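Letters A, B and C mark the chains as written, and numbering starts fresh at 1 in each.
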Amino acid sequence: MTGQSSSKNEALGSQMHALARRLFPICRSITGDGVRQTLSILREHLPTLEITEVPSGTKVFDWTIPDEWNLREAWISGPDGRKIVDTATNNLHVVSYSVPVRRRLSLDELQRHLHSKPELPDAIPYVTSYYSRNWGFCLSQRQRDALLPGDYEVCIDASLTSGSLTYGEFRLPGTRDKEILLSTYVCHPSMANNELSGPIVATFIAKWLMSLQRRGFGYRLVFVPETIGTLAFLSRSLDELKRQVAAGFVLTCIGDERAYSYLASRRGNTLADRAARHSLKHLVGSFNTYDYLDRASDERQYGFPTVDLPVCSLMRSKYGTYPEYHTSLDNLDLVTPLGLEGGFRIVKHAIECLEANQTYRATTVGEPQLGRYGLYPSLGGAQASEQVRVMLNLLAYSDGEIDLLAIADLIARPLPSLLPAVRKLVSAGLLAPSDGHTER
Amino acid sequence: MTGQSSSKNEALGSQMHALARRLFPICRSITGDGVRQTLSILREHLPTLEITEVPSGTKVFDWTIPDEWNLREAWISGPDGRKIVDTATNNLHVVSYSVPVRRRLSLDELQRHLHSKPELPDAIPYVTSYYSRNWGFCLSQRQRDALLPGDYEVCIDASLTSGSLTYGEFRLPGTRDKEILLSTYVCHPSMANNELSGPIVATFIAKWLMSLQRRGFGYRLVFVPETIGTLAFLSRSLDELKRQVAAGFVLTCIGDERAYSYLASRRGNTLADRAARHSLKHLVGSFNTYDYLDRASDERQYGFPTVDLPVCSLMRSKYGTYPEYHTSLDNLDLVTPLGLEGGFRIVKHAIECLEANQTYRATTVGEPQLGRYGLYPSLGGAQASEQVRVMLNLLAYSDGEIDLLAIADLIARPLPSLLPAVRKLVSAGLLAPSDGHTER
Amino acid sequence: MTGQSSSKNEALGSQMHALARRLFPICRSITGDGVRQTLSILREHLPTLEITEVPSGTKVFDWTIPDEWNLREAWISGPDGRKIVDTATNNLHVVSYSVPVRRRLSLDELQRHLHSKPELPDAIPYVTSYYSRNWGFCLSQRQRDALLPGDYEVCIDASLTSGSLTYGEFRLPGTRDKEILLSTYVCHPSMANNELSGPIVATFIAKWLMSLQRRGFGYRLVFVPETIGTLAFLSRSLDELKRQVAAGFVLTCIGDERAYSYLASRRGNTLADRAARHSLKHLVGSFNTYDYLDRASDERQYGFPTVDLPVCSLMRSKYGTYPEYHTSLDNLDLVTPLGLEGGFRIVKHAIECLEANQTYRATTVGEPQLGRYGLYPSLGGAQASEQVRVMLNLLAYSDGEIDLLAIADLIARPLPSLLPAVRKLVSAGLLAPSDGHTER
């Protein structure tokens, strides 16, 4: 990387991190104003982001959109009257989707509504109770251990009433009826890798796509509450998606610096999987591969047999595998400018591979005489140059069925590095596209 | 295993061993009264066992049913007039299918008709001469070495005349036109692993099947003289078998305690192979796998390209691999109650897997909301339980093509352990059987 | 190998080496009288060798037959007037296809037209400039380093004018419309492994084929200038070749003693590949396998997607992998009688496998009674002999789809060793050919 592009990328990482800091304090859940605020801020970057509201009670396949939850405040005050736990300090202190409550109770009674994490005594755990009416507070084990006997007052000033679920959809039309899908979620309160990293990388990918000279694919980026929002989105678009999606990626946990990871689609070898593995191999070399059996995010819906879209996941440290996961320690120290920028680069590279991917066929019977086209060193005897070898391999494997991505894998070179040779061969009429992009 | 079922199984092993002891002394060959006596005793356990007699001279494919052989007595008396070898002591002393003989001869002449096994000097070897008229005696190397020069008298009082070949067939009708075949043989004289273990395990499997709430498969268990009897059976039933057999197992050498073994069908990945490997993997963990190239029993006929039935073999120590094989040392010390009971358990488990196997399809678009059906812990945040994970995997892989056995292999769990979750999902309407049992 | 056949083979190696010595001094290039002289000498061995002349300017696919090049002499004389480099000594001294030149020039100017190989200071490198008008001399680094400043005279007395490209084609008709193709090249001047070994082994294979009782395949052996000659040949015969070629081999670098090598076809598992690997495995055991990615000879044309013939390469030390490659050190010390004889043997074995290969089907339902046909030891009990086992395996795998070559691979035996058993089974009517040779 040149110094210039490096500092450009650092700048990009900083911009992404700045956006993360702005979104971090918002109290998101699967419904409510937190989602709306988040999408509204993303719309500053993506003016054409469409917001969809799906009313409570709407059936989405096997599910029903729940009542909308909005929190004003939630706190516990101790025997001495002092607030000891307060969502004004950290959104994670309240169990998401807690029903309203305001009363006094003993420590024993209170304990039944508390959640902490003994193995991470300083972390506030993240707990939800979306589909079962309940209430509770989360706090660090250390704080919980210090609670004294006595009377406590709890207040959860929240509304849980008919409203709607909100999701955002950003589309860039293509010139073909095939599209690339990126899906990320916006339903977690103040945590950084899971989940702010996903929508932030997706937003900056969308901005980059707007500036990109695209070759045909349309793009659809969805910012959805996990699971229920994904199902709501799918319920409105499934037929279209089944016809159009050539490849898709779930973007999640994509902002820390510790690893790069890939989770396979159910089928395991879709175009999305191939582009993801190819990009990770050439851009970062060593990465974690997870099986579809390891899934626990929106791949569950995209890969479900009745949905069956070619979608895999791109991540840095996968959810559930790092100690800070689903706690207050998953914060903006863990997610860094460099971490976000690495996540951005891998998604960008995978998209560049998809944009460049094409099935060609050689047009000559037998090898062409490259020299006639100015493509061959005039003096034999010496080793044919690497560039000539790449051209001969492109020709030899372009049988109208094997796509560039497969040829790049076969000759162990990054797809983008083949493009100068491809362009020369196409210009010379020696390679011809074979009916449209491949969708394998 | 609970203490109760353990002692129940010990009881089962003891019952099987008792039956073995009763059958052991009978002089079986590929035809004759020994087979009839054996089947008659098995009929005490399986009253509906049908006996078929195929007359000598009948063509069965490329073969012809030979004359029937019955032995009254066979002995050698030495120069001092004392009987030194006598089938009254051990049936193995006579070469099976020996023609009648009664005469005096010198030791030199006698030697040309003797068989022993130098590498196992105390063992009487097992020798046959079914299709070439001959006679001979078998004895231990130690006994043979002690023979003194002089005149000997030999007597083989046997009949080898037109009669019939006898086999037994036990059938349990199913509610579908598909059946499970078990094949075992009843043509070896006093030996225990090869072969009494096979018919004994088959008999007790038949008894268990009679008490089983079966789901649709019919069952056919055949007790046949090896090779010629199998061909006789096939010649009468091949078209029906080709239409109906979903999976089959040859049961042989299935009563010792030293190993568990599986010999693949010719095709190698039939439903029978899959059930056999799955059961062995989960029930015993470590087992020997043999290729079809290693076959030497009735798999030769079932897998022959013009027969081509999905049949593999379940064994403990495979024929030909243990030192006592085809000698008098293959006795009821080698075959034990525990050994027989282990053989029984593996066949039972494979059948249970076949009974439970089914291809399902998920009925919802996207994952169902398990909580609506009382199938999900109400509080998120915590790890979804193992049971939930199993249910989600059952749903995610039930695409109408992959059967339960394959899903069980994929998620590395024994098929029976998935059944409670399958039943819950089917009850909830979330999984639906996909046209009938799978036959892959 | 018996002493007799060993000395017969030594005689064969000596004959091949003698022919190599005779052809070695000829100045070959991709056109010209050197090719004609070479083919004329080969015609002494193969009287029906057909010579084709393709005129300069003829289009062959993407290429055009170049002007014909003939060299009379080429030399450099030094400041003292003495000839220091002269093609009379070694043909490699002139860059092949050099345009005529005769002039005096300074050492500095001369250096721009000299080629040497610093890493092999005693070797004259081999350099060509077929498609770019140029001239030059090749000499050892040691000689080049000794050149003194001063005036030099260079003379290349060559003609480069309209003429033709010459290739030879030897055909043996078959009784079927399928043929075996052998392709080798005749365009390199005085070098031995690359390339005299190829045409010499091909010539002796052709002589052997003439004496062979063949079973149906036709044979076509082509002696072509590499690349351009191959394309010229293909341009005249492609449709026929696509219909008829069942398997083909490029023979190149097949006369040294250091290794045996195989380079896969593009598809990698054609009948040619299977025969080549089978023969190498059983005849020499350990050999080098190269991928189609490693190709640099005429496989480039035969495997090109628009040509797509089932052709792989048989070699001893592959071009480009041995230090003497493309230098004057690739001589008749490197290529030996023993080396050539080994090359001959491997090609012969591969052809014998193709000749013998056939798909059979078993004719009986279930195993036949081998004893009825005199094919089984009459006494059971003992281990069935190896011969019986081979027969039973031939029967058990002959399902009308798997060919003998595949069965031989499956049972890990050389195909020719199976033929006695195959013949017995066919004679007995137990195996029947399944419609013609397989072409898989």
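Note that contacts are C-beta pairs under 8 Å (C-beta built on N, C-alpha and C of every residue); 3 or more make two chains touch, one makes a residue touch a chain.
Because the structure is a prediction, the values reported are computed rather than measured.
Taking CA atoms, the transformation carrying chain A onto chain B includes a rotation by 120°, reported to the nearest 5. Homomeric contact chain B/chain C is classed as different-residue, with under half of its interface positions used by both copies. The geometric centre of chain B is 55 Å away from that of chain C, both derived from CA atoms.
Multi-chain contact residues of chain A, defined as those touching 2 or more other chains: none present. Against chain A, in their complex, chain B makes its touches with residues 361-362, 364-369, 371-372, 376, 378-382, 384, 392-393, 395-400, 410-411, 430.
Chain B contributes residues 61-64, 95, 115, 125-132, 134, 227, 230-231, 234-235, 238, 266, 292-293, 295-296, 300-301, 303-308, 326 to its touches with chain C in the complex.
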